[in-house]
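Multiple structures follow.
Two complexes come next, and they have one chain in common, chain A, joined by chain B in the first and chain C in the second.
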Partner chain A sequence: MARTISFMQAINEALAQEMERDETVVVFGEDNVGGAGSPGEMDAWGGVMGVTKGLYGKFPERTLDTPISESAFIGAAAGAACSGLRPVAELMFVDFFGVCMDQIYNQAAKFRYMFGGKAKTPMVIRTMFGAGIRAASQHSQSLYPIFTHIPGLKVVVPSNPYDAKGLLISSIRDDDPVIFFENKVLYAVEGDVPEEPYTVPLGEAEFVREGDDVTIVAVGRMVQMAEQAAEQLADDGIECEIVDPRTTSPLDEDTIYESVENTGRLVVVDEANPRCGFATDVVALVSQNCFEDLKAAPKMVTAPHTPPPFSPALEDLYVPDAERVAKAVKETVGQGVAS
Partner chain B sequence: MTEVAGARELSKEALLDAYRTMRTIREFEERLHTEFATGEIPGFVHLYAGEEAIAAGVMAHLDENDYVASTHRGHGHSIAKGCDVKGMMFEIYGKDEGICRGKGGSMHIADLDKGMLGANGIVGGGPPLVCGVGLSTKVRGTKQVGVSFTGDGGANQGTFLESLNLASVWDLPVVFIMENNGYAEATAQAFSSKGIDIAKRADGFSMPGVVVDGHDFFAVYEAAGEAIKRAREGGGPSLIECKVNRYYGHFEGDAQTYRGENEVEEIRKEKDCLMLFRQRVTSADLVEEEDLDKIDEEVKALIDEAVEEAKAAPEPDPDKLLTDVYVSY
Partner chain C sequence: MSETQQITKLGMPKWGLSMTEGTVVQWLVEEGTELSSGDEVIEVESEKINNAVETPAAGVLRRRVAEEGDVIPVGGILGVIAPPDVSDEDIDSYVEEFQANFDPEEAAEEAGGPEPEKVEVGGTQIQYLKVGEGEGPPIVLLHGFGGDINIWVFNQEALAAEHTVYALDLPGHGGSTKDVGEGDLDSFVEVVADFLDEMGVERAHLVGHSMGGGIAGSFALAHPDRVASLVLVASAGLGEEINDDYIEGFIAANRRKEMKNVLGMLFADPDLVNRQLIQDVMKFKRMDGVDEALRAVADKVFPDGKQADVPDLSGVEVPILAIWGREDNIVPHSHAENLPEHARVEVLDDTGHMPQMEAAGKVNRLIGDSLDGSGS
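Let's look at the complex of A and B:
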């Protein structure tokens, strides 16, 4: 039965239900228990944001704190995945990938291919991303395009609580390494989520809103921005179709093309930096595969090519918002071949 | 009869197995050295010749259910762990019947069914992986152990030091074998670690650390046996530093001008692990010379056959480029 819970609770519930279902699922990361070895409360934190709170109480043998040693414990996730477990390791902020990337892209991502198909590496790395909480340059980036670039990794960027739960369950059950991106601003967002376990398949986009004038492709928190913009634009008589790919790898190209064939116009909203990113990828694919359907040049709405700034006045300018999306939609509607 | 330390518990069969492992590695590597010079072998090849006693001495305590993470110098570990020798040779020639279907090559030989988590092109890549193995065996309640091999170069990677700490913190059934062959690529350990015994670092992570002579099969066998037994029985991780020498360069084609005059020749004369093993087991009347000679012949024939077949074997089909990965765009 569905009830309203937060994005964070949806993730916690997915972890708990998979740990219950499958004894090989283990959860670890910095402060995932939060209190190991201390004189006070053992399960004090449950992760720096509290996402894993309560798991230790239910599964004390399979919920572990780690030292602040990302290379060791992300690599341990890869080794555990090759030897019978389904680990879910938490890389607290994706910005920290710099200290453990070798274990992700040279080890885990490549085992299956490099070992001639003999290895499977069923691991999930949960990681926080995104600007908006004044966390400054080293705790606010949206680095999913870097991981999307790497063959062998699956990359999940959920936009709402329902998808977060279903996609995380699919990720845990998947036999390839999955990087699961959690936008920290979405943690408090609430939505209807069934209580029972369910899956949302990796690689299937969703139509968030239907419309005939412009296709907006967005992932993660940017889906919200697209929805807000679409509401405003509807008042002006512009009907937007919003496609949420939900995973940037594998990417559901067909659904994007289907929508663009219908609308003839494309705006991609991406919180990542603009060059060689998710937005450029979608624009390139659509340009190559739907050229004859396009009535106007595709548009990208992204963060600027700068690190995320600290000052609230600047950070608010950094993240794409509904106004920028609406402006881009209007530009594309006002441009090119009349429909 | 001369007493051979550490040999008491070994049956004649076990001694012959150990010798066969070491001889197979030596023959494999010597032959690759020769064949590489012809230009027929693609890519990078790093030879293990000179260090055979370590792989054989450690792996004698492991079975297929135990896991090993290796290094770029991984042929010896792979052979000792039971990987198919012909499959390895095919792999090194990049052929379809290779142990990794020609997709891995010398630096990525792996066979999960044999507990071989892979040679590794990244120095220090293995230690975190065996922490995962240790966690896995602990959570699943098995008696498996994980063993990582690292060189003196890898000993200065953060991954190695982080893994020692994590294994200690999580109390994992893991053994770290540090093969100190004196050179990280061309840089001497005397420089890169100030020449210290790396085993001393174990103390900083609250685990036992010992130094053994890596040319001496029996010394390695004994130290590894103790550490692996401790790990299996829940006593936590250990670090073993094996002081050893490599006969060939960092990679094939390395002229080794950084090494001392006659350095390798003298080691071969005085410390060769196969020579020492033969002397000790025959002088103690544990094994006959003829038994060892017979193994030499059998191994030579196997390697001859492996090279011949590998050269003649078919290349991977072009469509294999896109298999064994979840999606290709």
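Let's look at the complex of A and C:
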């Protein structure tokens, strides 16, 4: 029953199954087919990492290559979504959002609100993020907090293949614009994924691990770091509970509070830069809503407030790792009111 | 050597395919306690549910090897059972030797067992799990509304010691096709009949839980020559009453917290519902087609908050064992009164709608005894 596929295959399968189920689903982006104008190599690329590979062969009318003009094709996605299609546009690296941000935050995000609820915008933007593949400052950022900040957008940051498939299917079926963040380092990660279509709701966190001592909140690749840290800490007798919100907007605050009410301690692991980010948001919410349950000051483990470095040695230091998570957990356990 | 043969390991059991280790919750008896077969010795938590481990042999609990809170791999040693005259030194060396030779990975492989398979039955894909090879008619386990083969996680292996045991996912459930067709008891009866044909099973002992009991009863009426005996666990199909809050709540729940409350109704002790169990149920519910399937079945089998099919089992001549929890909140145990006179009825204390999980050891013994009694 259980079948193991990669994070990348899970995304590809979600796209294929939704295109099969609903003929209004269209997929486009730079090199999504991979060779417009080069017959015989039409399905050569399937996106820069091969995530959309094979879709053109199955759905040639609905898998499209676009010019290298994000402002044009992201705008086209917003327009198509308003007029009856369910586009899934690929913004190759989220770092490129600058040239198409108007289409996202000042157009798509506001249609439903400004048109009195009469317009819906069922558009998904899939985009890669994260450091770790030596791609330097302009292809390695973790910019989900910027999108989380904007009302009207839903923001999804999956951490494993099962969630990636179910969350992408939910995103495609959702009537609001969704920005779907794929950590490029996770593409090769494998996990059990049902063959049938299924959904994972937007706005429901998951308990990745249960424990009574410290709550670790993490999304995307940082869930792995939290898990590795929790393994180490268990040997020292510290039991961590890991909560993966899975979507940063909407955010399942209740589940985070439920966990912190039990543990009294919070560490947030976030690959993004530290200021005005996801980690600061979770820490602020918990401080405001669970203050009486807290036994120690919440901790954040984030990238530093710099662009991702190109130097491999520095890049490895830039991304939060299990050691840093474990250290932060120990600091929260070592301080504050004895339990 | 003769003394070693009298020493029995109390090992970490394997409950279900995904279990690789368990956590010791608490010891239920002191060292030195005299145990008879079936006594519960230690409570263990798997990722899905807590359950008590019974002694595999009569004797004295000579040693608690695992401590409360320990995480022990499947097949690992929890304690030692031996007659009182075995010396402490022999017990010590038995434990030492076991620990020195124990390879968790090898043990996990040995405990791996069969995996579920799929078979095409009249255009419907049915997932099933076959365990054991026994003489005589096999046992077929039928789950209830919203269930799947995993509700038998504490039973199938135990029953398979002497019988071939099939558990299957009904249409609309588990890993089977989500299209339920008519979705009434009769349609499920025909799927079960076709499944038995496909497996080459002429006659079987049918064990049905809840709605699965209703299916088993209807099956016995439709195909009397194919049933060796009936075991009806917290069975539907014996009266009109059904807890509609559960049925409707199960269909409506699309968040973990709602589902926790709904699943809590199933157990005498709602704390048995842990996050993993809820998550597994939600994963099933979120498959495409499942909510529609459940709706269709509920509309046919439990319309207007009542059971539609209450077949008259008075003509059923094969042995019938009914097992019920006294605290069943879904189907009242008073329905057992509607069984034919020759039926044996066991009502278990401190047990809700899931006796096969909440009182697994007792249920396994009752089923085992009843099958022995029925001449197979």
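The criterion applied here is as follows: the second predicted complex is superposed on the first by the 336 of 339 C-alpha atoms of A that agree within 3 Å, B and C clash if a C-alpha of one lies under 4 Å from a C-alpha of the other, contacts with A are read in each partner's own complex, and residues count from 1 in each chain.
Here is the rule we go by: contacts are C-beta pairs under 8 Å (C-beta built on N, C-alpha and C of every residue); 3 or more make two chains touch, one makes a residue touch a chain.
Keep in mind it's a predicted model, so treat the numbers as computed, not measured.
*Asks:* For A:G166, using the defined touch cut-off, is the partner it touches chain B, chain C, both, or neither? Pick first, second, both or neither.
*Replies:* Second partner only, chain C.
*Asks:* After superposition on the shared chain, which partner residues are touched by A:Y198: those of chain B (first), chain C (second), both, or neither?
*Replies:* In the superposition, A:Y198 contacts chain C only.
*Asks:* Contact-wise, after the overlay, does A:E206 reach chain B, chain C, both or neither (first, second, both, neither)?
*Replies:* A:E206: touches chain C, not chain B.
*Asks:* Tell me which partner A:F310 touches in the superposition: chain B (first), chain C (second), both or neither.
*Replies:* Neither: A:F310 stays clear of chain B and chain C.
*Asks:* More residues of chain A in touch with chain C or with chain B?
*Replies:* Looking at chain B versus chain C, the one contacting more residues of chain A is B.
*Asks:* After superposition on the shared chain, which partner residues are touched by A:Y257: those of chain B (first), chain C (second), both, or neither?
*Replies:* In the superposition, A:Y257 contacts neither chain B nor chain C.
*Asks:* State whether A:A119 touches chain B only (first), chain C only (second), both chains, or neither.
*Replies:* first
*Asks:* Jot down the residues of chain A that show up as touching in both complexes, chain B in one and chain C in the other.
*Replies:* Dual-contact residues (chain A): none.
*Asks:* What does chain B use to touch chain A in their complex?
*Replies:* 67, 69, 98-104, 108, 110-113, 117-118, 120-122, 125, 127-137, 139-140, 144, 146, 158-159, 162-163, 165-166, 169-170, 323-329
*Asks:* With touch defined as at the start, can you tell me which chain A residues reach chain C in the complex?
*Replies:* 1, 21, 166, 194, 196-201, 204, 206-207, 210, 254
*Asks:* Considering only the defined contacts, which chain A positions touch chain B in the complex?
*Replies:* Those in contact with chain B are residues 23-24, 26, 28, 61-62, 64, 66-67, 69, 71-85, 87, 99, 102-103, 106-107, 111-119, 151-152, 154, 176, 203, 249-251.
*Asks:* Applying the document's contact rule, which stretches of chain C touch chain A when the two form their complex?
*Replies:* Chain C residues touching chain A: 115-116, 127, 175, 178, 254-257, 275, 279, 283, 286-289.
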